[in-house]
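In the part that follows, the structures are each spelled out as structure tokens.
First subunit A sits with subunit B, and in the next complex the same chain sits with subunit C.
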Partner chain A sequence: MSRVFNSRRLGDIFSHVYIWVCLIIFVTPFLALLGYSFTGPQGSYAIQNFQYVFGSFRNNLVWSFKISVLTLLIDLLVALPASYALVRYPLRGKQILFSALTLPLYVPGAVIGIALVLTYNFTYHLTTSIWGLVLAMAVGTFPLMLTPLVVALKDLPIVFEEAAQCLGATKWQTYWKVVFPLIGPGISAGLLLSFIIVFNEYLVTLFVHPPGLTTAPLRVFNLVRTAGLLPTTAALAVTMQLISFVAVLAFFRIFGTRYLKGTYLI
Partner chain B sequence: MSRVYLASVTKHYGQTIAVHEFNLDVPDGEFITLLGPSGCGKTTTLRMVAGLIEPTSGHIYFDEQDVTYLPPPVRNIGFVFQTPALFPHLSVADNIAFGLSVKGEKKEKIQGRVDQMLALVNLRDYGKRMPAQLSGGQQQRVALARVLATDPRVLLFDEPLSALDKNLRDTLKYSILDLQRKTHKTAIYVTHDQSEAFAISDRIVVMNAGRIEQIGTQTDIYLHPQTPFVAEFIGANNSLIGKITRVDGPEDARRIAVKADGLTLYSQGQTIFNEGDDVLAYIRPENIIVLNDSEGAGYENIVEGVIDRVIFEGATAQLRVDVAGREFRADVSGNQRLTLIQRQGKVRLGFNDVTLIPAPKDVST
Partner chain C sequence: MEAQRRERSARLTRVGLILPAILLTILFLYYPLVFIFRMSFTVADSFLSPSGPVFTIDNYKAMTDRYLPNVLVTIKLAGLSTLVNLIFGFPFAYILVRKVRYRDVVRGFMVFPMFGALYVAFGMRFILLPGGIATPLLQALGVENTQALYSLPSVVFAMSIFTFPFMVMNIGTALSNVDPTLEEAAACLGARPLQTFGRVLLPLTRSGIIAGALMVFGWNVGTFAEPLLLGSINEQRSLAWTLYQRGVVQTDYGLSTTMGVVLLILAFTVTYFSLRYSRGALLE
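== the complex of A and B ==
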């Protein structure tokens, strides 16, 4: 009996150690970054680094937000009808179409960057405006928006749409009052995933950004490349990290409780 | 409130014929049921009336209006689905208000109507609840209220009780009938459950393989089935394949002799048959009486057999009897069912009613 107890206890200890080691491995870099971002001259403690973020780096963050919002809007406007058509209508070669639409997921960022420079520069001359970058981001994150919507629509029984129509709702009313609210978790998941990618993307930005427009991740990259790793750069990186973290947290607070319980299923 | 008229409505899915040349006239205020096994086309027919499916050919009329190609929102119908399909993100009251609000009715009018509907289905205090907080039966009642709120011309039901348990089904089917009677709506009800169809319908349409087999009242289709399918699908029946050997007696009370599976059976009444016709003969198990040795007078047909098995089912006992190598089923009720449980060996069966139906061409003696 004591042997069983002991081996159990050993297993218990082992799994605890395992989890803690994993946590340390994953979290340490972020803690190091956080610590470094507060480092002042001669190893003192400095909040000024963060004042720097909202002063000198403010423009970079604003650009990042603008690009993110515009990209998410375009993604959503294209992905909503696309996912509906993919799921609800009998299309020929649905699987191939879906694979083609999600292609950017499997293509490295650098490849997308070169491809976009080629097409936009020589075809549309978009690299001089913000729209070149926004469209590039939209192309890259489209699969992340589309896939959760397709999954949500597939899970949504068609009977809700039929019930709405039989009650007199037009197609538009059915979309707005029934379909969109019920695929809310899919929409927000797509928005969250796309936001985190767009907000933090530097590789594609590097290729297609118009002159004079520097997003926050690009600024971090440029600074590290030219000036080495400064505490102020670390502060910017930490701020970006926090923004992404808050987005994820908000998602699980709002949708985690309301939808993940499955109350929207029949 | 509308008369619903289907004229030669046909639906093909590629090579498959789902519904074939369906003709049906439902007068204003009638409760009609489409009854048949799964895959017989009853739901497809109902969905064509709703506009959820477009027919391949044929026409559907509400009163004088041809609605064949109108989309569902402009037909003004009430469709109750197999699942309640309440919008899970809206409260009970908002669900009931949905039909009126998409039509742009005024808030006060909607509020009044919602209260009225909640009262109608006995869920007065449930308006603020979410659908997930209601039981299955309550949800289906809200679905009914939601449909009635828009004052539809026709009520359509697609097996609305099949997802509920038996006791709930029994009470809810009468609620549905009550509501239909109170609101004087024309109703088309789809089910595969005979007892449901018999309990609530004015008329029943028996369907099989996309075609109408028979339209009639409960007694019509039970006592006078017109096709082998109806005879075998509705209730239970002993069926025999036979040939008419003699027809005699006066015009309105013929005595018809049928030779079937080595037995000679007699049927009485008017007939369309002549000597030599191939027929199917049906005897209902509940019309067969187990005779004591001395009895026998008053029965047109008496057959002898050996008891195979007695199945006690509570209210009735089912007797399986081997008659000349053919299994006969007799349903016994009352006290006799208790005395029969122990019985074995030979038994005599008496019965009068034999239903004769012309044999289909592919059946021969």
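== the complex of A and C ==
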């Protein structure tokens, strides 16, 4: 009896050790960069690296934020009506339509990049405008906005809308006063996922960025390729990851994790 | 008459609501994909020449003659990282679903790889450099730093870290739908753990495992930063990287769009099956 108990106990301990070893491996690249970003030329602590981030890299960070905000706006404008139509109205070929709309998520970044840079060059003439970059980001991330919205709308009983309409609300009023607040967590989940992806995107950006515009992740990529490993580059990468992590933590605290169901963030 | 009018306006609303999404995807995804598909059948940059494009299938011949190693190495990298994710992901997902109560902490840790393969590869490169924190470990194994840095295992390792959460998510979702009493029943009936795994758990979570594996493979086929920062230029030349070199640096649009098409086919064949197994039921 006690041997069974012991072996079970041992298995449990081993399980938790396994989980923690994996988790530590996940954060090791980040921690290594964090440590490196605090080293100076003489091996001393150098907070200057982070001053550099907000000095020399400031423009890049500002661009990243601008592109993210614009992309999220477009994502919302496109995904809010689309999700409502997909869930609430009878549409023919709904399943295929949904798959076709979410397919951009599975196209490799380099393929989206080369396809867009060529069409921008020769058909749309968008190469010098930031809208080219924003729309490229939007097409890649709006499936991430759409999926949580669809899940949230499906979980929302239709009786709320029926009640509102019985009381004389128009369709428009029903949507903004009843549906929109109730699917708030779903919307936030979509915003979070899209933000994380857009904010850290470097591959499509590498192809379609307008001349003179470098987002922060692209700056990291360029610097790693051309200048080798510099503590200042590590500081920028660390800053980007910390900003993303704070966004995730804030979401977890406010909404919990269940609204991310059906998306790829568990 | 009135009913007909209303019916029509309702249909217009429906179409109007979903139209922006359709337009966005067609204009910025499907049309560009058709565009590069057409371009992949033209000579170099003849697509732009005033005398009109010169059509050819030489690009596809070049793919099989000269660039087959790139295709194969891309498949190999994606396949190996999928395998690593499967082997380490299943136990992880099992423990996470059955034994762990601090799941939010695990989720918090697991978001780090998702911020991008670039940071993972950058961090790994720093770890593996001579004098990096992995040096004692590597010395214990009898491996030189530079040997480890520019090698297949380190590329696969970085790719696996990047996609591990996707695998765990897919398997975990499937596992949480399996009643734990089934395992207990199997154990009561005298099945050993390995038998329980093979005869009960594996068949019941098969769809999740397949979906996860295909998803991971599909994502890793487009690998770009990891081979560039951690691999050697001669051996781990992924398709995505060669595509960038050919298309943007050397402006050989014919060849680079051909690589794009091949990459797309690789990603889509697996995605097709993946969607059938995982997301298909979302709108039912």
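Here, the second predicted complex is superposed on the first by the 256 of 266 C-alpha atoms of A that agree within 3 Å, B and C clash if a C-alpha of one lies under 4 Å from a C-alpha of the other, contacts with A are read in each partner's own complex, and residues count from 1 in each chain.
Here, a contact is a pair of C-beta atoms (placed from the backbone, for glycine too) under 8 Å apart; a residue touches a chain by one contact, two chains touch by 3 or more.
Keep in mind that what you see is a predicted model, and the values were worked out from it rather than measured.
After lining up the shared chain so the two structures overlap, which partner does A:250 touch, if you call subunit B first and subunit C second: first, second, both or neither?
neither
Which partner does A:206 reach: the first (subunit B), the second (subunit C), both, or neither?
A:206 sits against subunit C, while subunit B stays out of touch.
Considering only the touch criterion stated at the top, classify A:47 as touching first (subunit B), second (subunit C), both, or neither.
A:47 contacts neither subunit B nor subunit C.
Under the stated touch criterion, which partner chain does A:107 make contact with: subunit B (first), subunit C (second), both, or neither?
So A:107 only meets subunit C here.
Have a look at where A:227 lands relative to subunit B and subunit C in the superposition and call it first, second, both or neither.
neither
I'd like to know which partner A:182 touches here: subunit B for first, subunit C for second, both or neither.
In the superposed model, A:182 contacts subunit B only, not subunit C.
Output check: A:15 vs subunit B and subunit C. Expected answer is one of first, second, both, neither. What do you get?
second
In this superposed model, does subunit C or subunit B come into contact with more residues of subunit A?
C
If you stack the two complexes on chain A, which partner ends up touching A:160: first (subunit B), second (subunit C), both, or neither?
first
Please report the subunit A residues shared by its interface with subunit B and its interface with subunit C.
The overlap between the subunit B and subunit C interfaces on subunit A comprises residues 264-266.
In the complex of these two chains, what residues of subunit A are touching subunit C?
That would be residues 12, 15-16, 18-19, 22-23, 25-30, 32-33, 35-36, 74, 77-79, 81-82, 84-87, 89, 91, 94-95, 97-104, 106-119, 122-123, 135-136, 138-139, 142, 146-147, 150-151, 154, 196, 200-203, 206-207, 217, 220-221, 224-225, 229, 233-234, 237, 240-241, 244-245, 248-249, 252, 257, 262, 264-266 of subunit A.
If you look only at subunit B, which of its residues touch subunit A in the complex?
Residues 50, 52, 71-74, 76-79, 81-85, 87-89, 98-99, 102-103, 130, 132, 146-147, 150.
Which residues of subunit A touch subunit B once you look at their complex with the stated criterion?
So the residues of subunit A in touch with subunit B come to 157, 159-160, 162-170, 173, 177-178, 181-182, 184, 263-266.
Which part of subunit C faces subunit A closely enough to touch in the complex?
Per the stated touch rule, the residues are 14, 16-18, 20-22, 24-25, 28-29, 31-33, 35-36, 39, 47-48, 88, 91-92, 95-96, 99-100, 103-104, 106-116, 118-127, 129, 132-133, 161, 164-166, 168-169, 172, 218, 221-222, 224-225, 228-229, 239-241, 243-244, 247-248, 253, 256-257, 260, 263-264, 267-268, 271, 274-275, 279-280, 282-284.
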